[in-house]
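A short worksheet on the structure shown next.
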Amino acid sequence: MNDPKTALGRKILGLKRANGLTWAEIAARIGMSPVWTCALCMGQMSAEPAQAKGIAELLGLDEEEAALLCEIPYRGAQPMPPTDPLIYRFYELILVYGTSWKEMIQEEFGDGIMSAIDFDMALERQPDQKGDRVKITLSGKFLPYKRY
Amino acid sequence: MNDPKTALGRKILGLKRANGLTWAEIAARIGMSPVWTCALCMGQMSAEPAQAKGIAELLGLDEEEAALLCEIPYRGAQPMPPTDPLIYRFYELILVYGTSWKEMIQEEFGDGIMSAIDFDMALERQPDQKGDRVKITLSGKFLPYKRY
Amino acid sequence: MNDPKTALGRKILGLKRANGLTWAEIAARIGMSPVWTCALCMGQMSAEPAQAKGIAELLGLDEEEAALLCEIPYRGAQPMPPTDPLIYRFYELILVYGTSWKEMIQEEFGDGIMSAIDFDMALERQPDQKGDRVKITLSGKFLPYKRY
Amino acid sequence: MNDPKTALGRKILGLKRANGLTWAEIAARIGMSPVWTCALCMGQMSAEPAQAKGIAELLGLDEEEAALLCEIPYRGAQPMPPTDPLIYRFYELILVYGTSWKEMIQEEFGDGIMSAIDFDMALERQPDQKGDRVKITLSGKFLPYKRY
Amino acid sequence: MNDPKTALGRKILGLKRANGLTWAEIAARIGMSPVWTCALCMGQMSAEPAQAKGIAELLGLDEEEAALLCEIPYRGAQPMPPTDPLIYRFYELILVYGTSWKEMIQEEFGDGIMSAIDFDMALERQPDQKGDRVKITLSGKFLPYKRY
Amino acid sequence: MNDPKTALGRKILGLKRANGLTWAEIAARIGMSPVWTCALCMGQMSAEPAQAKGIAELLGLDEEEAALLCEIPYRGAQPMPPTDPLIYRFYELILVYGTSWKEMIQEEFGDGIMSAIDFDMALERQPDQKGDRVKITLSGKFLPYKRY
Amino acid sequence: MNDPKTALGRKILGLKRANGLTWAEIAARIGMSPVWTCALCMGQMSAEPAQAKGIAELLGLDEEEAALLCEIPYRGAQPMPPTDPLIYRFYELILVYGTSWKEMIQEEFGDGIMSAIDFDMALERQPDQKGDRVKITLSGKFLPYKRY
Amino acid sequence: MNDPKTALGRKILGLKRANGLTWAEIAARIGMSPVWTCALCMGQMSAEPAQAKGIAELLGLDEEEAALLCEIPYRGAQPMPPTDPLIYRFYELILVYGTSWKEMIQEEFGDGIMSAIDFDMALERQPDQKGDRVKITLSGKFLPYKRY
Amino acid sequence: MNDPKTALGRKILGLKRANGLTWAEIAARIGMSPVWTCALCMGQMSAEPAQAKGIAELLGLDEEEAALLCEIPYRGAQPMPPTDPLIYRFYELILVYGTSWKEMIQEEFGDGIMSAIDFDMALERQPDQKGDRVKITLSGKFLPYKRY
Amino acid sequence: MNDPKTALGRKILGLKRANGLTWAEIAARIGMSPVWTCALCMGQMSAEPAQAKGIAELLGLDEEEAALLCEIPYRGAQPMPPTDPLIYRFYELILVYGTSWKEMIQEEFGDGIMSAIDFDMALERQPDQKGDRVKITLSGKFLPYKRY
């Protein structure tokens, strides 16, 4: 059931290119962050009606498409393991750092996890003389395992 | 060939617990960051001799074990997809955000990737009234795809 | 790193049988629920020291084994798809009811998930003339997807 | 052969949204439970003609679509492991609790399984000050392994 | 946890060979059918104490081994797809006849399944001039899908 | 290349339903067994021209469709592991009984297999007070492994 | 259960090398073909007692090892897809010629298969100016699909 | 990119049947062997223009289809493991004989492989009183592993 | 999202054939290397507008197709393991040489990798009396693992 | 059967480190190339007796270990997809360049492959102001697909 939202994503990418817009500009139109707005347009998030309306007006989507932005997706269209090198590098981070994340989060917080639902993130350019860097900041609520 | 380094990691976890040490304290001993130090001890990084010596002295490892810390690992002992919920949540982030990371990094930097080798990260507690959060900061050099 | 906890689980199953104990009786000893206590003993949960001590005294475990009960497991030793018919039936429920759970939870709560961490459950015998039934009650906190 | 029933499911989701109906209201129309009715509409159950007729009248389906509701599905359209986070959490419960379910059911009932066929379930909102909870009640007939 | 029962199975195969016994003879000793008795010895079924005692006496097993016969197995040690040609042929029958079994059982019984739990089977030699045949008779209770 | 025969199978299922026919009735028309006839119609067997003609006349298929019934299929359209519970139960039987079938057939016949090609089967209702049973009889020629 | 026979195979390879024997010489000792004898020694076939005795005498195996040669193996220890290039080339032949074998055998024989049980083969050096060739001759009984 | 060649293969199978041709007759028309000609038509080989023209004239293909016969395929359309029993038997031969082929070829030729590229094969009927046999002769150049 | 670029690749292959062009000639038109130009046309690289324009003019592509050449691909359309023998041989090189590459690169450079992004390659014919050879030269920047 | 050769490889790595040797030095001792010598020591090639003797003398291996160097390996111990980032990059090259290699080799040579058996390679440091590069040169004999 993910298909219509993913197809809309492809259409939005085209409109974004044609209109010379950035994710930051689209996000500013609805008062949300660029990452979430991008994920919404790629078909992985659900918008509230006002947000969908804002995007639809900016990009020239019709009402059915705006409604589609509000639908909750069947998430996870990304093939695994990722075949695209950019996306694969994040998969590789899990292979290399998975156990370290576990040990460090548990040392600090005890038994539990970092939520991927009550979660937000940002992505920015980090200027650097030896070559600019991609800086990603993840923030998820710690959820302790319930003992009952 | 990963096995001896992973086994050493299990021993270090025990010594760390027995000595009441934190990753930050172990890291401070060798002047490195806690995440890298943890990854080193979990068998996923290679140390320089002085770093290995510092950890060996702190934890009471013998020379052979110190040398093992210097060996370059066959990385990636983590089972995929991860069965542990804490580690799985990062896998889920790829499923949900993979295409957004691609679109956003490429919008900002053009065709290329974020390096997972010229890479560093930090992990900290983010106090929050609704429940403290895990904050993770990733930083990788942007590598443009060569056109030749 | 799951192995020692799983091995301890096998030992506990033997001691439980030898002592004619039920999960309810072991759970009562530490004031916890039978399901959680069983999951703890099977190596999938972490105990607080007092809980571990209670179980160790009841079953005759040594201090190292009590400490092992307190360690946080690398969860998920269960092979997938399950080969055991009893466990497979739960897998089959996902195949048949997965989309229905999604539609019903989202109708009631909006975009989000049922937590498997802030979660508890109970299992009981439901007498029935046509054959007694297994009744399982799951309860997980609803976590709304953050929009940011 | 699952396709036509799954496609009908997508159409029903649209009609349900357009008519502002809940699963409880659709279920009430045919005197069945909401979960079963939802599973039927999602293409995973087969209706009796009167039930199909009730749903068809309520939603404006034609006769062929009503007949399709009566057809027995090739069950199991859900991808495994689930990529959607809401559905994945149930998969994770098997990873974590699979062996505990086995030990507890067998302690109480002996060698056998909980039926996933002579099975029913309910799903409800459980109000809670710290955040409402999803409560799911499963009930399946215990089937003892035949010794012959 | 299947291992000790499978290992016992290998030992029983050796004792059976050494004592020149058939499955029919072992089964007769405990008043059960040869197929079930064989499955029990191969570690896939659980015996009642008297049955385990009968087999232990016949084959010279000790008490711990007799108790192991009574333990409920984590079933399903068979690799899939089967690599052994004899076992693979049954897998091939599913590939070829799976949809036919579904259509024929449902034509006769309606929506439901043949139980693999309330199930028994027999295996016999069917003399035939063109070469004797293996005759297998399966019998499982029909379980109708509950509508609720 | 299986597709046209599978698609024809779906059409035949519709015609069978529309005409209120049973597999036994279709089979009787061409003097064959119901199981084989069902497997033929489901696209897993090849008919002789006279048999195809009989079915075509009974159901109103055209000549091209009759010819398609005579074509030898690329067998095995069934997804594995089966996602449909009715078909999965047969897969489960292999997991549980695979090694027993091997030991019993070899005890009786020596080193070899039960043919899945020189093979026939029947399926019938077995009345039973505790609930009717599905009875399946398989018969395959024993093929001894050639020693050369 | 394949392990002891495979382990014996490794021992036989060592003895064969130490004694400077060829498969043809070992085969001649028991009056069988080199391929079958090799497959027997590699743990994939079962010998008659006299054959096992002949090999045991030639290579200096003890009685238990001779008996092991007579046991029927759980066949199929070869990993798939093959990682060894020599064995992989046969896998590649299936990828490339699989459909051609099907069309050609069926053109000649009708609906059925070439038996892999009532089967024999030979392997020889084919001198050739451009480089000697490996010549393999397979012969399997044609088994027609039974229509019933 | 395999698709157009595979689709052409299906068309050729239909024309071959309609014209009552055999692979031997088609092969004779272009002076090649039946197996290679069949593999070419099934989309797994590439023809020289004159060969393609010969087949096109015989079967009534147009110029574009003749050109398609000359294109080099992306080989390997066969699903693995094979689901069709005829093709699966060859896969089973690898499972059973893979290690024997390796040991025998290496005994005769040293370290290297049988080429699957500089390779030819033939397939014929082998009359036999107990049932005719399929005889397949494979011949591939031995390629020694280069030491450098 | 790879599809339109892959489809364009198929079209370009046809135009290249129809115009009797080589990759070297197409590459020369835009002043780039043949390998990169080929990878671009196969949909795995992104062009700068002038490069896309050059190719479009040479081959007669329209503006939309030229723009498609500039889009950054979701890389990795190649099935794995490769089914085509030419491509599989590179996969086999990893199986055989993977650990050697690791040991040799690390001996020379220390802990790090050869970049597949800051990477270029060339492919040429190497005349040889015993048969011409394919010579491939890979060059990737060494990236040292950051210690932080 | 790969295990003893892989284990010897681990021992050789230790001896190489202890003796401060490079692959070039070990290779020079036996007059072979460094890459082949490294692959031999890692257990993926077979040596001639004189070569094995040279390595054994240099590193202090015993006769049995020298003999092991001469044994032909069951090649391919590398896990796939590779989990180690250094080795994975080569896998990624296949994902990105696989189809380009195919098109370019075929343009130059026609239908066939680059041999991975009649194959050699070299690896060297390529000084570069922007960071030194790894240069790998592969050379394999072109093998044309036989038409017969």
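Brief remarks follow.
Here the chain labels run A, B, C, D, E, F, G, H, I and J in written order, and each chain numbers its own residues starting at 1.
Here, contacts are C-beta pairs under 8 Å (C-beta built on N, C-alpha and C of every residue); 3 or more make two chains touch, one makes a residue touch a chain.
Remember, it's a predicted structure, so these values are computed and weren't measured experimentally.
Steps from chain D to chain H, minimised over paths through touching chains, total 2. Among the pairs B-C and C-D, the greater number of C-beta contacts is found at C-D. Against reference pair C-E, the listed pairs G-H, A-D or A-C yield one interface repeat, A-D (criterion: more than half of contact pairs the same by residue number). When every chain is reduced to the mean of its CA atoms, the largest separation from chain D belongs to J. Set against the Cα centre of chain A, the chain with the most distant centre is G.
Because chain G and chain H share one sequence, their contact can be compared position by position; here over half of the interface residue numbers appear on both sides. If each chain is reduced to the centroid of its CA atoms, chain A and chain H end up 48 Å from each other. Measuring from the averaged C-alpha position of chain C to that of chain F gives a distance of 42 Å.
Inter-chain centre distance (chain A to chain B, centres taken as mean C-alpha positions): 23 Å.
Put simply, the C-alpha centre of chain E and that of chain I have 55 angstrom between them. For chain D, residues touching at least two other chains, in rising order: 13, 74-78, 81-85, 92, 95-96, 102, 106, 112-113, 115-117, 119, 143. Remark: the chains found to touch one another pair up as A-B, A-C, A-D, A-I, A-J, B-C, B-D, B-I, B-J, C-D, C-E, C-F, D-E, D-F, E-F, E-G, E-H, F-G, F-H, G-H, G-I, G-J, H-I, H-J, I-J. Only residues 9, 13, 22-23, 34-35, 38-39, 42, 44, 75-78, 80-82, 84-87, 89-109, 112-116, 119, 121, 123, 125-126, 128, 130-143 of chain E touch chain F when the two sit together in their complex.
Across the complex, chain E meets chain C through its residues 1, 73-78, 116-117.
Only residues 81, 83, 85, 88, 92, 95-96 of chain D touch chain B when the two sit together in their complex.
Chain E contributes residues 32-33, 36, 45-48, 51, 72, 74, 102, 106, 110-113, 115, 117-120, 143-148 to its touches with chain D in the complex. Of all residues in chain E, only 10, 13, 82-85 touch chain G in the complex they form.
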